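Both complexes below contain chain A, partnered by chain B and then by chain C.
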Partner chain A sequence: MSAVLSVEAYSLDYRLRQGTARVLDGVNITIGRGEVVGLVGESGSGKSSLAWAIMRHLPRNAVEAGGALRLGGLDLRGLDAAGVQAVRGRRIGMVFQDPSTALNPTLRLGEQVMEVLIRHRGLTRPEARDAAEAALTEVELRDPAALMRRYPHEASGGEKQRVVIATAFATQPELILFDEPTTALDVITGARILELFARLREHTGVAALYISHDLGLVSRVADRVSVLRRGRIVEEGTPAQVFRAPAHDYTRGLVAAVPRPERRLVADAPGSATVLAADALSVRYGRRRLFRPPPPPATEAVTLAVREGEILGVVGESGSGKSSLARGLTGLASFGGAVQAAGRRLDRPGAMDRAYRRAVQIVFQHPDSSLNPRMRIGEILSRPLRLHGGATTEIPALLEQVRLPPDYARKYPHQLSGGEKQRVAIARAFAARPSIVICDEITASLDVSVQAQVIELLLALRRQHGTAYLFITHDLNLIRQIAHRIAVMQRGRLVDLREAAAIDAPDAHPYTRALIAASPTPVG
Partner chain B sequence: MSAGWLIRRLLLVVYTVLVVSVLVFAITQVLPADAAVTLLGENATPEALAAVRDRLGLNDPVWLQYWRWLTHAVAGDFGLSMRTGQPVAPMMLVALSRSLLLALLSILLMLAIAVPLGLWAALRQGRAADLLTGLVSYIGVSVPEFVTATVLLMLLADWLQWLPATGYVPPSEDLWDSLAHLALPVITVSVIMVAHVSRMVRSETIDVLHSDYIRAARLKGLPERAVLLHHTLRNALLPVITIVALDVGYLLGGIIVVEEIFAIPGIGRQLIVAITARDLPAIQAGALIMAMTYAIVSTLADIAYALLDRRIRYD
Partner chain C sequence: MTDLLRRLLRTPQGAIGSALLLLLLLLCIAGPALAPRDPEAIDFLGRFRPPGAENWLGADQLGRDVLSRLMTGARATIPLALLATLLGTLAGAVIGTLSAYLGGRWDEAIMRNIDAVMAIPGLLLALLLVSSLGKGSLNATLAIAVAFTPGMARVTRSVALNVRAQDYVKAALARGEGSLFIVLREMLPNVVGPVVVETTIRVAFAVMLFATMSFLGLGAQPPAPEWGLMVAEARRFVHQAPWIILAPALAIAVTAIAFNLLGDGLRDALNPRDER
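Right, the complex of A and B next:
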């Protein structure tokens, strides 16, 4: 079998102020004709660096420390600038993680497909227009001619990613690099993109390197999988081999960290008293204007109640109103309807007093933007302590609760890893001794293994304090492991609310069933 | 951009000009200048002064005077100059046209220098060329305009004798001579404006070059020229539109010194003459015309921005 791409004993260093750091160490990967190889690794494993090396787009401080990169018989490392331009987009296509940033916001979508055809296939503009339209038809876009005239902000995320894929396939390259192509999309859109990829692969027989941190997903698309850890390939084989019988400890840990709905992590039952309830809660953004219909509400008449010590999951795709529900419940957004807590009915954010704010805490998705970068961790934690009648002497104990060493109190957020920062955010929420913590996609930006640790921490804190959680997520598999009940939201409305065990029951809402179908089934 | 927005934006221009008109009128009211005294001189008899005041309506309530002035102004009649006895509106509009010609040429020259300079500095970010262009353009903006003007005058007019030193020739009379006379002031003003615009182009270009879509364009195998001209420049230049619109304000009111040195009878210079002569109608007309021009240019900039970046949705 002749290889389309072979990476042979390839090593790469980055020159840093503190010396050189090895990011890739003797990496070997071979992709045969029509083969899809999955490259799995957590953030910092070097998986993106390998993609940049293959595309010959390395940062200035990168030093190649040996090995070969071959495309067919072509030595990629030996190419000059003109040679590189002839390979990029022509022989190797690339699909990027986030289609909304990978497309130029001020150029029409059609233009961005056509320029590749003009450049690499030597077409005239009218020819390129026809070819681009054909390429967009190929990726199953409705009315491609109209779409070509639109700008990126006028298309949905799924449509944009299809345009990016069409651009990559339009020059009929031998190899396509996929860099987390579904991570920025919601579950159902991502699943459709994967289906499209499978069909395109069948038509074109293209070879691909599929880079992802998501094991479940890679196992569905790849013929072979390589697991990358700190620049080294620690394991490779077919998805079945790698995931069912992982040989390396690291892979075993990764496989164990993948959420599986059938493996419940919570066995107890919640109490019967209600700690927090939304009563026909609506959240609406934008000013009401004269002579103009009001904008549709982000969250419309949602009624649900969280019981003592309960974990209530809220799932739905992006834009379904999950976060707006959290903003309403915490009084960060003005709302219609009412919030009920501790037997009181609150009909506006102003009615939420200190007792309410102490009892209802929130942890946000991005610790980077929710922790003040100019405050030390100790300061960040002392605020809620002082406000809610605690003492700053509790800080070491608080840090220990979230399994951080006490000397972290003197550090700044930027000195911590993503997982550690999220632990600080959790500690801040627990500093107020809340009866319920709203978790808004708190693991979405974390690696699978870190996510598993954060979840474990949340469950331990709950055992200790009896705290209830309103856990907002797009990851159905994860929430099925921990939630007592799951609420499903679609376009601002609550469409389903049922026991976690009955989420796949035949009487579930069609949208709930679609979400389950779109959630990647973990292997093994 | 909707038609509704456009109409509201134009109404905003009208509103701005109205507010300015009140201010202008109020300021000229508190000035220690009596129109009657200005007209008749210091030695006029009280009876004659009273008669003139009566004729000019100076004894009427202020709001009535304002209303009379505004309604006439809307029809293009700002009254007669107290200095020359001529209608002030045509005088000020002619001066404005000279200033606008100077402004337009200066902006064109400035852009022709600043955009390539900023782009070049961005591509050599952190290297000697970048630091040097930064230094030179900061010198350009820090040196007072009369120094720049004098140095250029000595160099190009006095020493090399390439260009006429001062004066203004209308383009309709002799185009080349007109341009030759405008060259020195245009160069002076451009040197001052190049600094901030080139720095702006530089920082915007650096931002855009680091964006994902530029990386995507490069990884599509597009040649560097296309990446720069087609993908980068358009996005990097958008904020420059706003800056240039602000510069028009500076060019209309702030370059009196330059107009004075090169003896260009622009609107700034006319306004100074009017103020020294306590020529109230001329002051009012000049100030209001400048405000109106500025409001219109800002609106045009907003429209251009919306046309070039379709993400901006005015509604």
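Right, the complex of A and C next:
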């Protein structure tokens, strides 16, 4: 079988001020005709660098240290600018992680598909228009003709990703690179995109390199899997081989870190007293304006209560109002209804006093933006201590609690990895000795193995302090492992609230069942 | 602080800008002492003398030595322009950040007032203020500071709006920090980059504004060797003796470039993320 793409002993260095850093080290990957190869690795493992090397779009400080990249019989490394132009888009397509940044916001969707067709297939504009419409029909978009006249901001994330996929397939390339194509989409949309990919693949027989950090996902789409760690391929094989009987320690760690709903991590029962409750809580953004209807509420009359030491999971797709609920509870957004805590009823953010602010802490999704880049870690941790009656001498103990060395107090946030930053954010929340911590998608931007460590840390802190968690996530498998009860939100409403063990019971809300069906089932 | 300086000097822009500014600082401190001649000594025989051994940069319409005037005039030009810019920047940055932090109706009210002030051209506003406050260099400084404030407030607000949306500001709000702390400690340090760059560009504008005001007789008064005034006075002789206008114009340009380079260098050095 002739290979569509062969990467042979390929090495890549980045030139930095401190010297050169090896990003890829002797990577071998072969993709046959019609084959899908999954490339799994954590952030920083070099998987995106490989994709860009194949696309011949490397940063200026990149030095290719050896090896070969071949597309069919063509040596990609030997191509000049014109040769690269002829390959890109025409023979190799690419689908990016975030469809909202992959499309030009000032061009209509139709233009963006047609442009590729005119450029690479030499069609005239009317021909391109017909071909684009056909391509969009192919990716199962409703009413493609109308969609072509819309701008990217007028389409949903799923629709945009379908347009990107249609563009990649439109030139009938031999190879398509998928760089985490479902990571930026919510669970249900992502699952539909995967179904579409499977169908298109059968249809066109295209070969693909599928890059992802999500093992469960890759095992479902790929024929073969390569595991990349710090620029080296440590293991390859069929998904079943790799996941059921991982040979390398690193792969074993990765497989173990994948959340499985049947493996419970929390055994104890919560207390009976309520620590925080939302009473018909509604959050609405934007001001009421003259002559215009008020904007729809982000969350509508949500009522739920978190008990002492309880882990209450809140799941739902993006835009379901999960984060708005967190904002209402922390007084970051004005709300209707009321919040109840410590036997008191608060009906506006202004009523939240210091005692409430101390008791209710929040940890945000993006550790990059939740720590002030101009403050040292010590200073970041000293603020809640000063506000809520602690001494700055506690900082080393706080850092130790989240398993960071005490000398981290002198570092700046950018010197830390994503997982370490999230630990600092957790330490900041615990500095106030809260009775409940609201975790807003805190592991969504972390790698699977780091996510497992952070979860483990949260559970350890809970054992130590008896803290309750309101755990907001889109990862149903993860929340089924740790939550006592799970609340399901859809379009700003609470549609389901039940014990975690009964989440897949037949009387669950249809939307809950759809979420479970869309959550990737781990292999093995 | 020494750390910042080291990082500043490591970038080429920072190093060149700092070197030029050091030179200008020297001129401001020791310029009059180093000047080869009396800047106000009139020599009717040497009128319009081209640059040469006697007057290195030539002599002006009254036979005064251009080099000496330049060296003496640095003191009358740079510190005031810098002071005016810094005052305007500080006021604008605080107003802009506060406006972004408060948001909603307050933001609207502050920004519409700023717009109203901006509708009056800066020079006109400065002239208006000077003519009501009275002539003189210090009043001119204040007037220029006030004229710069609305523009700085706008620039700062647009940056601060992004910062306002960051999670660390929300975290500070959620733990019940006071507004003053959030504006001054959480937000202001993070808007500093663009503000510094804008400030350094405005120093050059300030020098020119001073010159204009001096030209109109509201700032420095002849025969003071203020650079802007020198340009204004030499305007009539540009065909006859171009060096009289070129020398101070170049001095202003070098000052502007020095501040711009320093601004670029500072922007990189102030960013702790940048470890190159």
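Keep in mind that, in the parts below, the second predicted complex is superposed on the first by the 524 of 524 C-alpha atoms of A that agree within 3 Å, B and C clash if a C-alpha of one lies under 4 Å from a C-alpha of the other, contacts with A are read in each partner's own complex, and residues count from 1 in each chain.
Quick note on the criterion: a contact is a pair of C-beta atoms (placed from the backbone, for glycine too) under 8 Å apart; a residue touches a chain by one contact, two chains touch by 3 or more.
Keep in mind the model is a prediction, meaning the values are calculated, not measured.
Peer 1: Looking at A:L371, would you say it contacts chain B, chain C, both, or neither? Reply first, second, both or neither.
Peer 2: second
Peer 1: Check whether A:S212 is in contact with chain B, with chain C, with both or with neither, and answer first, second, both or neither.
Peer 2: After superposing on A, A:S212 lies clear of both chain B and chain C.
Peer 1: After lining up the shared chain so the two structures overlap, which partner does A:H120 touch, if you call chain B first and chain C second: first, second, both or neither?
Peer 2: After superposing on A, A:H120 lies in contact with chain B but is clear of chain C.
Peer 1: After lining up the shared chain so the two structures overlap, which partner does A:G331 touch, if you call chain B first and chain C second: first, second, both or neither?
Peer 2: So A:G331 only meets chain C here.
Peer 1: Quick one: classify A:P384 as touching chain B (first), chain C (second), both or neither.
Peer 2: A:P384 sits against chain C, while chain B stays out of touch.
Peer 1: Would you please give the residues of chain A that touch chain B in one complex and also touch chain C in the other complex?
Peer 2: Correct list for chain A: none, the interfaces share no residue.
Peer 1: Residue numbers of chain B touching chain A in their complex, please.
Peer 2: 211-223, 226, 230-231, 234-235, 238, 308-311
Peer 1: What does chain A use to touch chain B in their complex?
Peer 2: 55, 57, 85-90, 94, 96, 98, 101-107, 115-116, 119-120, 151, 153-154, 164, 167
Peer 1: Can you list the residues on chain C that touch chain A in the complex?
Peer 2: Touch list, chain C to chain A: 104, 166-168, 170-177, 186, 189-190, 272-273, 275-276.
Peer 1: Help me check something: in the complex, which residues belonging to chain A touch chain C?
Peer 2: Residues of chain A touching chain C: 17, 287, 327, 330-332, 352-354, 357-358, 360-362, 364-366, 369-375, 383-384, 387-388, 412, 414, 425, 428, 432.
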